[in-house]
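One structure, pasted below without further comment.
Order of writing sets the chain letters: A, B, C and D. Residues in each chain are counted from 1.
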Amino acid sequence: MSIIYSKFETEILVRPDDIDMNEHVHNSKYFDYVLAARYDQMKRCYGMSMEEFIERGFGWVVSACRLNFKRPLKLGDTAIVRARIQTIKSNGVDVVFEIVKKENKKICVDGIFEYTMINLQTQRAATIPDDILKKYSV
Amino acid sequence: MSIIYSKFETEILVRPDDIDMNEHVHNSKYFDYVLAARYDQMKRCYGMSMEEFIERGFGWVVSACRLNFKRPLKLGDTAIVRARIQTIKSNGVDVVFEIVKKENKKICVDGIFEYTMINLQTQRAATIPDDILKKYSV
Amino acid sequence: MSIIYSKFETEILVRPDDIDMNEHVHNSKYFDYVLAARYDQMKRCYGMSMEEFIERGFGWVVSACRLNFKRPLKLGDTAIVRARIQTIKSNGVDVVFEIVKKENKKICVDGIFEYTMINLQTQRAATIPDDILKKYSV
Amino acid sequence: MSIIYSKFETEILVRPDDIDMNEHVHNSKYFDYVLAARYDQMKRCYGMSMEEFIERGFGWVVSACRLNFKRPLKLGDTAIVRARIQTIKSNGVDVVFEIVKKENKKICVDGIFEYTMINLQTQRAATIPDDILKKYSV
């Protein structure tokens, strides 16, 4: 049996400085869109903003990521980043995502971000406290 | 006598990738915020999007800019970019702007962008046609 | 039996605008470092620059990538991007890479980029011509 | 009588992620090139790196800048950033710069950056100590 966690959505408007010489959103900017969505969702959907983590001495780092580029976004498009925790580990979470174009809901990019929670003082992986695990288990 | 043109506003949410090592929006990103606001306002407020300019063989380039940095924006803030045409010239417009923090309306950055309209084929300055001058004279 | 292709190196100096709020090179910039290294190596090591591909009507897009973040780079560091073709496919190449810190040669990031060669007119995957396959088989 | 301070040069290789939809270096990246050149020159030419300023409790912020865009740089070009202190003030320096294309030495961008030295604790303008003034008066 595996738990299915909630999927949340964040809208991101493509900015002109996101566009590269191919007239598409530059590949590495999709990484930044997922990052922006996570910040938004931590605060708005999981009830614990990055600032609150920092206050408790914790930070989050990306340990690994995979992005599959399927269709480009262009200037004028709006991205919807849908993200969902796939696995909760003792010191991190795996978050699967898909970025769809708002106008037609087609998937442009999907993939996974593997996050590790760190102790900001030691800069090493930290065990996620129970109260935070609870917030994330939605 | 001088003409006072309309001031328009665009909201821009600060993204994590805009933040630099000082934990503020990176200076050069304010340039990109003004650029994003112009794209939005060309379409929404002046009734002629960048795409429509391109279809008619025209482009816009920034010839010069001045930015005065007064207060930093931070992660979690929303920028409001207020822009107003100051002067319409035969082949360009000077746009004055101010970026305020939405939460307290304090000015973070202000300055001017001097835009030149170009003929995309020759890549040289082009005389702004009357119908476009009219759209911009609001 | 598998063919081992050559590994090439490109040096990239960390710029202040690459640094994020954690005082490290921002995760998505490593993607851009690999991209910059590929441009350099296409021209310098494989003898066919991106411009030459474009002249022949071809382009390269990243279909997928995986990045494993092991140690951060900081301002003042120099990155060495080591890249090697792992597999040549009919319409693309898989390139494995590692980014090491020049000063101590420790691996900061490694992973894979899966590139697809496209026909610029159709924007669809194209079969790599024999003469290009030969250039890449070093 | 006015003092003419030394002009220093830093080379910056254009990266693919610096290029925008016009196939030129994106306007705001020239800001980042000047910033990168200043970091290099502080350490290499003035004998006091940003890290050393920070250790003494000082930081530098850009109070204002003006950039005049004259000719674009493209992928494959190398930028040379020439910078020179124009004026030393009690709590800052005005730095004039020009960015030339290495291949033909033509000016692409020029302008001025007005820097303010701040006390990192108070985040307010600080008087530049005599020993630093001396380092900068070359």
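The criterion applied here is as follows: contacts are C-beta pairs under 8 Å (C-beta built on N, C-alpha and C of every residue); 3 or more make two chains touch, one makes a residue touch a chain.
What you see is a predicted model, and the numbers here were worked out from it, not measured in a lab.
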Contact-graph distance - origin chain B, target chain D: 1
Centroid-based (C-alpha) most distant chain relative to chain C: B
Between A-B and A-C, the pair joined by more C-beta contacts: A-C
Where chain A and chain B are represented by their mean Cα positions, the distance between them in whole Å: 30
Distance between chain centroids, defined by C-alpha means - chain B, chain C (Å): 35
Distance from chain C to chain A - Cα centre to Cα centre, in angstrom: 24
Multi-chain contact residues (two or more partners), chain A: 16-17, 28-29, 32, 35, 75
Complex contact set, residues of chain A against chain B: 12, 15-17, 29, 32, 35-36, 39, 49-51, 75-76
Chain D contact footprint on chain B (complex, rising order): 22, 27-29, 31-32, 35, 59, 61-69, 111
Chain A residues touching chain D - in the complex, by the definition given at the top: 16-17, 19-21, 23, 26, 28, 75
